[in-house]
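Labels run A, B, C and D following the written order; every chain starts at residue 1.
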């Protein structure tokens, strides 16, 4: 492979931000027709390296070569002109515009007088969408799509141009399995056309499924490149975090306590219907289903964000009416939301203030916020969750995606909730921290908390849950204990096949 | 799991200076203007002049303090000028009817009631604040005219009342309006920076959805910001009334934009979530000293307009450039 | 026979002169069985005033009274009324000469003369004090761009050198008809000039603002304050001996004169083209001859 | 029309519903309170309404573009005044005076160029400094006004040219000249925003500027062009209006920015950018003009006019909110 000219090469890239040396002399290359994984812990510098390549950041040192030729990427336009397509980690879409307009953003086909050539635009878009096997068309307004579908719109951009290289920065973080399959087909296609692909992900199984080589970053430094076929997860993990992972499940079953929360016949418009379940203290219940199954909406109802049209919610056996998250929090419910940027964080605020936001009213010294206590809480959870930041003063918006997620988790853990709801808790989290979060969830249960885990990752659900609830189109299909569940019957359940139907 | 600190750059003094500049861009701009004016006219820095400028900026300044809260919470308040006219007229009218001791609390109550209406519309009903306060600008003007019958209000016996103390009095050689401005700035500065309420104001302005998800009652916070604003306006109206002991119905007209300019000049973002009381005070002083400085140099008022334009843009430019670490905007 | 008369005023809320004018106008119209009125306010905006002229023409009123926001911009609108055979009476401040052909009559004060008279009051006072050869004064003018402000300033500036050639007018700044604004302007003047002997303000509201500033600086006693349009505050300040003189101008007279002129025109009486009503000088010396203004 | 369509139409078109309410109200109230024997909804009166909407309306079309783009322009009133001064003053320049009535098209051109240049200044500053447009144009509102005063001190600038006035007062197919300009501008801006790449990019930039930058749209020049367009339209509004009135006070156009923004927001354009429609803005402009005219028609006094206009603004916003309430099950954030 080394005899080919790389499609792209980055040499000795250094990039510093105030107080942070995000990249420290990193070199990296991708060959035509190769899928090259870029791995590393949260905050290792993966996204930053790609932003340097994409013309969004200017490197302090180092150079970029496209083919043999050194280039300067002064802005995203330059990168685009050089055939580099960047699928961002954070969604980068105009929500009020249609799918077609978003996919061809910046290069809408033109007719005379600067008019948009709608016909061509829609025809081309529908072609791409067909390839991606998605359930919406060119004219759909992006804002009405689920996050997963929005991610597919981002991905569709890779197919619009004659690319030399495509960067996927955690494209699967919010995709379900079916969509991942489509994505991998797309990547195969691109590969066959000789496009170089840079693939960033924290999911080992994907990495081993589709990539050819793996380069690893750690603390902004280049740690080495492995050939995928000749290595294994353990070696990669070693390189990434400097040790092996203990992946064994924490089986320390707490005695199941009383029912902490019970939901009876809950419905909310046509978002979900007649849902009943209970979660005991000391129990982790996993909610699994396809996108749009209505799990997030149930969580939001339990958190006082939606008004149920029918049904009851009982906390510790007592019926409650929750009118706002403030009510829910007062009753010991916490929610780690799905959309960390929009719902979880105030990006322009520092790390500490974000983490203690739900409890500012309780952390008081006289009339003032007790900043010392806040810093103590922050330090405690920074250590526990291994959050990488130069200090609590750093603005959350400047953290890497995974570290942002950890701030959100820390914020709710520090509330010591009775019921902790986590919605896609490890989206974008590196393997080390992920297993740490899984442990935390188990520990919390062991301490007698009730935990509701919503996840679209089957291994995650299987790994952490005592019980798994399968949902399909707003209905609760079946509830499994950890002994009953298998991958097969879980997949059947989330496709809407009930046990009795199967028998028939 | 053991924790490692993130990779850091060493104790670079350059970076520290850069960070300081980024934080204090507006302060530096302020110092530059002061030096410039002092060179142009030696009277500029005389204590009398300095006190005079601060005193006449106090009314604008007090209103800007309240508007800072509103702007940080992610909203606008264009009704402050009109509301200040209302407060002034009301307190002058009630002064002769009830006596100053009752007139002042009565005026505060009425002003706060209007503030509460605005806060309800913007906070609880979630109506767009620009339009609501624009509407209130007009409606309150109508209310003031109805109240006064369109007549000027004057205190009949200007000598025989202690009412003049707020606008014309002095303590320790410092004019009372300055003292009120300073005290209120200190109080509100602490509220904003140090209390849970202040924290919530930043959170609501920075990301209202995330704030709600964190259990903050957003509507209540926004509502309270408008109450703070109304309180400041009432205080400004009191100083105004006491200073001139009489007033026209249009006394505050047009001040809303000046107030907003001062707040923005101080670096508060109109998107909400950023700004501080201290910087707003600097913004107020910059505007006050520009006006005064140009007047001392003897330029026509319209030259002042042009210079104010240039200075506003230069000051804010300096501020944002320092924050992003480069002079020109990165947008292509 | 009933006359329907429409009036479009300049900017009613802006000061109590205009408000009192409106009230007096409505009262006078109500007292007169022969007329019915449509009272409109342009809010200081020419475009709105022109629209109101068009509306009045469209409503086919019998006569239109206009208090122009801009003495020239309204001429085409006045011509439209003229072409529709509706007589137009201009009130308070006149329109420009090109428009005279389309106007039945003007009724109002003579602002140029007012400015000149203020200059005379100021000069006379300086002569009494014996400082007519060294006095230095400042001027605080009305809202920039308004005819009344411009004419008063012009009248003052033209007349002053004729009567007191050695008095220097050091600087002019606008006070926007606003007491507070004027107070700020005066504060800066006081810092800037150690010796100010007189202040001419475009109206008493601003004059009193300047007086307040001077009082706060402890320099009110050295300064002769002269204004125009004697407001109640000015009258009181005069009574206290703080304020020297002004021009007595009654909005009630102004409004009644305008309405009467309109009625006369409609009745086909012979009215003079320029109907100035008298606006005499008022100073501390003769103020007993005048009643305190109601506005 | 299917019921579903009707309800979305109603939701989108709160402003049209409001206009209908206004017309009904003033027609009925006019019967009792107006001096005029003519009905409020008299045909000529409605034509006049369109004409009187032109000065604000023409600028509002540009403001819609600017606001959809995620910016705002507070300097339009001052631009309006400065363009008017150039229009009227240029006709007195010796070489122009020598041309007789042929000077008129040149005067128009000079005025329009002034508007474009002022817009370009704003746009360029926004582009290069990255300072928020609100601040840039708030400064320019003062600065341009200063230029207005510099031009001719506090004196009004006047030049009455009867040919020009006759042209401006003319009616073609029953519509006034100003109405024609308003309709043309509305149509042109509708086309620009819905049919052209530039217009669609304007929506994209306003919706998510970072995404637009990442997608390689040249956001800076784009914004500058939009400011030039609104400068042009502010000047065009001045050309249309001052051709008919022949004199400009240095204060003219003050507060126009607020009225224009009000009209645009009443029409449903988001202040945060990314969404808005020219046709709804047209509705917003009409709604304001009907209100002003109607209150005059029924003889409301100044206090009432101020009070009512203010409250109505808020009421329309409230109405719009009520029509657009999402289902009960919606997220309560």
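Heads up, the rule we're going with is that contacts are C-beta pairs under 8 Å (C-beta built on N, C-alpha and C of every residue); 3 or more make two chains touch, one makes a residue touch a chain.
Chain identities (UniProt): A = Sugar ABC transporter ATP-binding protein; B = ABC transporter permease; D = Autoinducer 2 import system permease protein LsrD.
The structure presented is a predicted model; accordingly, all values stated were derived computationally and were not measured.
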Handout entry: Which of A-D and B-D has more C-beta pairs touching across its chains
Key = B-D
Problem - Furthest chain, CA centroid comparison against chain B - result: A
Completion exercise
Rounded to the nearest Å, the gap separating the Cα centres of chain A and chain D is 45
Handout entry: chain B and chain D: spacing of chain centres that average the CA atoms, whole Å
Key = 30
Handout entry: Inter-centroid spacing, chain C versus chain A (mean Cα positions, whole Å)
Key = 71
Completion exercise
Chain-centre distance (mean CA atoms) for chain C and chain D, in whole Å, is 33
Exercise for the section: Please set out, as single numbers or ranges, the residues of chain D touching at least two other chains. Expected result: 149, 213, 216-218, 302-303, 305-306, 332-333
Exercise for the section: Specify, in ascending order, the residues of chain B that touch 2 or more different other chains. Expected result: 141, 145, 150, 209, 212-213, 301-302, 330, 332
Problem - Of all residues in chain C, the ones touching two or more other chains - result: 12-13, 22, 144, 174
Problem - Chains grouped in pairs wherever the two touch, ordered by label - result: A-B, A-D, B-C, B-D, C-D
Practice task
Flag every residue of chain D that touches chain B in the complex, lowest number first.
Solution key: 125, 127-132, 134-136, 138-150, 209, 213, 216-221, 258, 261-262, 265-266, 271, 302-314, 317-318, 321, 332-333
Handout entry: Residue numbers on chain B that touch chain A, as the complex places them
Key = 1, 3-9, 15, 18-19, 190, 194-196, 199-200, 202-203, 206-207, 209-217, 273-274, 325, 330, 332
Handout entry: chain B residues within the chain C interface of the complex
Key = 43, 46, 48-49, 52, 56, 59, 141, 145, 149-152, 154, 158, 168, 240, 243-251, 253, 291-292, 295-296, 298, 301-302
Practice task
Spell out the residues on chain D that touch chain C in their complex, using ranges where they run on.
Solution key: 34-38, 42, 44-45, 48, 51-52, 55, 149, 154-156, 158, 160, 165, 168-169, 241-242, 244-252, 254-255, 292-293, 296-297, 299, 301-303, 305-306
Problem - Footprint of chain B on chain C - complex, ascending - result: 12-16, 18-20, 22-23, 144, 171, 173-174, 177-180, 183-185, 187-189, 191-192, 205, 208-209, 212, 216, 231-233, 236, 295
